[in-house]
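For reference, the structures are reproduced in the following blocks.
Presented sequentially are two complexes of subunit A, the first with subunit B as partner and the second with subunit C.
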Partner chain A sequence: MIKEYKNTAVKPEPKGFPWKQVVGLFLSLALTFLALWVALGLSLPVPITLTVIVGLAIIQALIQLFMFMHFTEGTDPSHQMMGIAFGLFVAFAMVAGTLWIMAFML
Partner chain B sequence: MAASSLSDSDKRKNMPLEYTTEEGDLRIVGFWIFMASDLVLFSTLFATYLILQGSIGNGPSAKDLFEIGPVMAETIVLLVSSFTCGLGTLELRRHNTKGLIFWFVVTLILGLIFLGLEINEFYVYSVQEGAPIHLSAFLSGFYILLGTHGAHVTLGIFWVICIVIQLAQRGVTPVTARKAFMAGLYWHFLDVVWIFIYTAVYLTGMVI
Partner chain C sequence: MIENIKAFLGDFFVTGDPMIYGADVSIALASIAIVVTLTYFKKWRWLWDEWLTTVDHKKIGIMYIIAALLMLFRGGVDAILMRTQLALPNMNFLDADHYNQIFTTHGTIMIIFVAMPFIFGLMNIAVPLQIGARDVAYPYLNALSFWLFFFGAMLFNLSFVIGGSPDAGWTAYAPYAGPELNPSSVGQNYYYIGVQISGIGSLMTGINFLVTIAKMRAPGMTLFKMPMFTWSILITSLIIIFAFPTFTVTLALGLFDHLLGTHFFTIGGGGSPMLWANLFWFWGHPEVYIVLLPVFGIFSEVIATFAHKTLFGYATMVCSMVAISILSFLTWLHHFFTMGNTAPVNAFFSLSTMLIAIPTGVKIFNWLFTLNKGRIEFTTPMLWALAFIPNFTIGGVTGVMLAMAPADYQYHNSMFLIAHFHSTLIAGTVFGVFCGLHYWWPKMFGYLLNEKLGKWSFWVFMISFNVCFMPMYFLGLMGMTRRMYTYPAGLGWGPVNFIITIGAFGMGVGFVIMAWNIVWSAIKGKRDTTGDPWGGRTLEWSIPSPAPEYNFAHIPKVTTRDAFAAMKEDKKRGREQKPKPFEPIHMPNNSGIPFIMSALFFVAGFGFVFKWYWMGIPGLIGVAICMIARSFVYDDHHHIPTDEIERTERATGRLS
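Here is the complex of A and B:
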């Protein structure tokens, strides 16, 4: 059995308006609509459009990671940071490597 | 880390409730490792989709098929649900069980709306537009990538329902706090994956 108990040693977060979450929401919405405008509103060359919208997506992912996901918390956050960094490396190698290799095949 | 003279158990005493036990602390790290592996799973599906995007055979292309209206509705619903889930985690940190349950229920409702919109989108494409999964390689890649994300959201909805029930029964304890925190991380993670689907599938499909 897992022992459950009420812990009163931890200080609760202060009351007040959740600024961090609201700012995160508005930044996410702004970046989403900015990407939409860049893709469909502007008629930039396709490679530039793709670079810009992927850049905006990465910024938005970082907003989620740092403003909502408490990425830097824990007794030793370097553990999860190494895990996520390795996951990102493998994901990047998978997508970029596949596109690169298949560019010679198609 | 070596720079700190405090032991891990001393540090835990001053941390939010979900980290106060060694088990909770380790399980949260383990959950980050799971999310890293899930990221790799999605990267393989993204790579497959991007390669097959142009292989449309006799079926419609991405440009013919996609409509921006329903896509924006799904995106905004999921972004707002990530926000309400973040408010839930904030109430968890305030040890406010009622506030936490309220925001988790709002998140669940938004998650169900998102799923309904996605199922409707699949129905419109595969039945009304006559573009089912087996018609072309592009469509296979599309339905499998989005379907995997939708399956994750469905699982997340069942998971959060279970956690809401436990919170109602037990209140915020170190164990339920850890579960609620991890479910919140999972929900934000699904939003991150959707951001890349929105960009790499929908916007890219309408540009190229």
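Here is the complex of A and C:
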């Protein structure tokens, strides 16, 4: 359960150069352009293209989680787990639901 | 040359309609009047220092509400124009194109620029006060959210006089909204970009309030001691965070189809128009709960306060909201049962939709049991809350009728549907925000709205609402469909439509009485000297009205639910705590960046609407510069010294 806290504003992070975020930014950019190149620049068969860019998307999601979204910080890991669980549920509902709904057109 | 300029201006400004010229003139006059007044009274500095750069959640809340009321006026005028056109068969008041544009702007404005900001306004005012906090978790982000909403709304509204409004409905279904059938793109781009800019603000508001409620509660206030309104905002924030990204992406893909020639939603190139409907409603249905759950919270507060009892079934209320937040992501297909989906798909979503009615019904019973044996006081906010119960229930029951997929083949896109969702959106959201407005008004401004005028506006609005929307159900069953700009005589629809239009004008009258009440009370309204005009139960009533800049001179300690009711009880028993010495209070600094950055978003958005990349791209570069500038601001807070706190507290009579 979420515990109560002192109600002061969120503490600023320690000063210093934000290496983690900068590296994360460049990795994200690189992965995005890589995906673009795989889709437009190479002419792989469609299923392979899709697999590759979905793989790249998952890597990028992990980078976001760890480099920007303070995934490893925080006072209570159960918050993170609840958030991730709900996120997975929504993502599953959307992807599986959409495939199921649109199946009649395929 | 002159010919070219003429042709350009003719396309740029919407021409040829006297109503639009009227709007041009009134916009010009209103702008001149504002500029002149501000200059004459030398108020520019005040406007900038006190409002445009503020990060105070209470002022941001007030600005949200002012903007929402103005947009409600615009959306209401749209509604009345439509109803005038439909009052009699074969009317020529609006032509087909114009009617299409008006229902599109009406729907978009009412949902995105009225319902959402009104709720955001009320939660900005009330949530930090209810949890005993001095501001939200990210005050700067809060200001940015507001200004993004504001400039998004302005961009969307501009379409009326410059370039032309979108006309594909607030749902903007492909293929009609797509580039093949909408080659000029301008109106549709206004929709994608205006809604996108304000949507970014909504997403940030969701994050802000989730963190605020999770992290900034007063000591002792565990989750299950939070006021019900705060609970509803917690759940709403969660839904916002998970639903809005879908919308952001969907709008961006729609825009790409227009700007970059992609084929996400066109038939050519392997795209799928139906995917738009699917993605739109994946956000759209949770959105319905985003604008409903907060008002459920408001009603819970108001009903408990004016029944003078604690809320019945606190834990079931919370559980039903959690259930709604999960189920709301599983029902979206009920908006397009007739798209050709297979039977198992329709059956699943039919069931999930009926399932979500259960937690909602549970809440209705909780309110009824709260009222049971209560000492009910019929104030204006309470009247809105009491009227909500039966009126909203009709909307809920017709919703369950619509949820039955085979029957929906009859109801779909008929006036029955229009009546259904207005029963939920007006009797739910609008009654709710009006209720909250009257309830929290004294906390915002330090005086009460007049009760007599308040009751007049309530009765006129509520009765007219029924005159307008009850017959509309039958009109739907008689075969009239939605988005129909006129109809022939002899179908028997004429008299019903005429009654509906009377109701629409009546609601307009109710709104005008409310506006008059606001003006009247600003001059002569009863001062609220106690800070607790209603005998409230939650912490916002424990501080003076209007709340001082720092909200709480001392952060309260909470031991039970209805914390302020308990404190008053303690005081009566003589168990009051001795006042402690003040400590300097840490507050965030004002900043002009949110305003400037959002204005640059507006400039960029305007450029992209017309595909003027020379304007759009520099605008976005400006946005980036603002972000960089902000990250070098290190001096972002100040302290309010103790003597200033003492002076403020003394002025409100809290210190003797």
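Here is the rule we use: the second predicted complex is superposed on the first by the 84 of 106 C-alpha atoms of A that agree within 3 Å, B and C clash if a C-alpha of one lies under 4 Å from a C-alpha of the other, contacts with A are read in each partner's own complex, and residues count from 1 in each chain.
Rule of thumb we're sticking to: a contact is a pair of C-beta atoms (placed from the backbone, for glycine too) under 8 Å apart; a residue touches a chain by one contact, two chains touch by 3 or more.
Just so it is clear, the model here is predicted, and its values are computed rather than measured.
Of the two partner chains, subunit B is the only one touched by A:Leu36; subunit C is not.
Contacts of A:Trp100 after superposition on the shared chain: subunit C is touched, whereas subunit B is not. In the superposition on chain A, A:His79 makes contact with both subunit B and subunit C. In the superposed model, more residues of subunit A are touched by B than by the other of subunit B and subunit C. In the superposition on chain A, no contact is made by A:Val52 with either subunit B or subunit C. In the superposition on chain A, contact of A:Val90 is made with both subunit B and subunit C. 2, 4-7, 9-10, 79, 86-87, 90, 94, 97-98, 102 are the residues of subunit A that lie in the contact sets of both subunit B and subunit C, per the superposition on chain A. Subunit A contributes residues 1-10, 79, 86-87, 89-90, 93-94, 97-98, 100-105 to its touches with subunit C in the complex. The part of subunit C that touches subunit A in the complex is made up of residues 131-135, 137-139, 211, 214-223, 238, 242, 246, 272, 274-275, 278-279, 282, 326, 329-330, 332-333, 340-342, 345, 555, 586, 588, 637. Those residues of subunit B lying in contact with subunit A across their complex are 1, 8, 11-17, 19-20, 23, 25, 28-29, 32-33, 35-37, 39-40, 42-44, 46-48, 50-51, 54, 68, 72, 75-76, 79-80, 82-83, 85-87, 89-90, 93-95, 170, 173-176, 181, 185, 188-189, 191-192, 195-196, 198-200, 203-204, 206-208. Touching subunit B in their complex are the following residues of subunit A: 2, 4-7, 9-10, 12-13, 15, 18, 21-22, 24-25, 28-29, 32, 35-36, 39-40, 46, 49-50, 53-54, 56-57, 60-61, 64-65, 67-70, 73-76, 78-80, 83-84, 86-88, 90-92, 94-95, 97-99, 102, 106.
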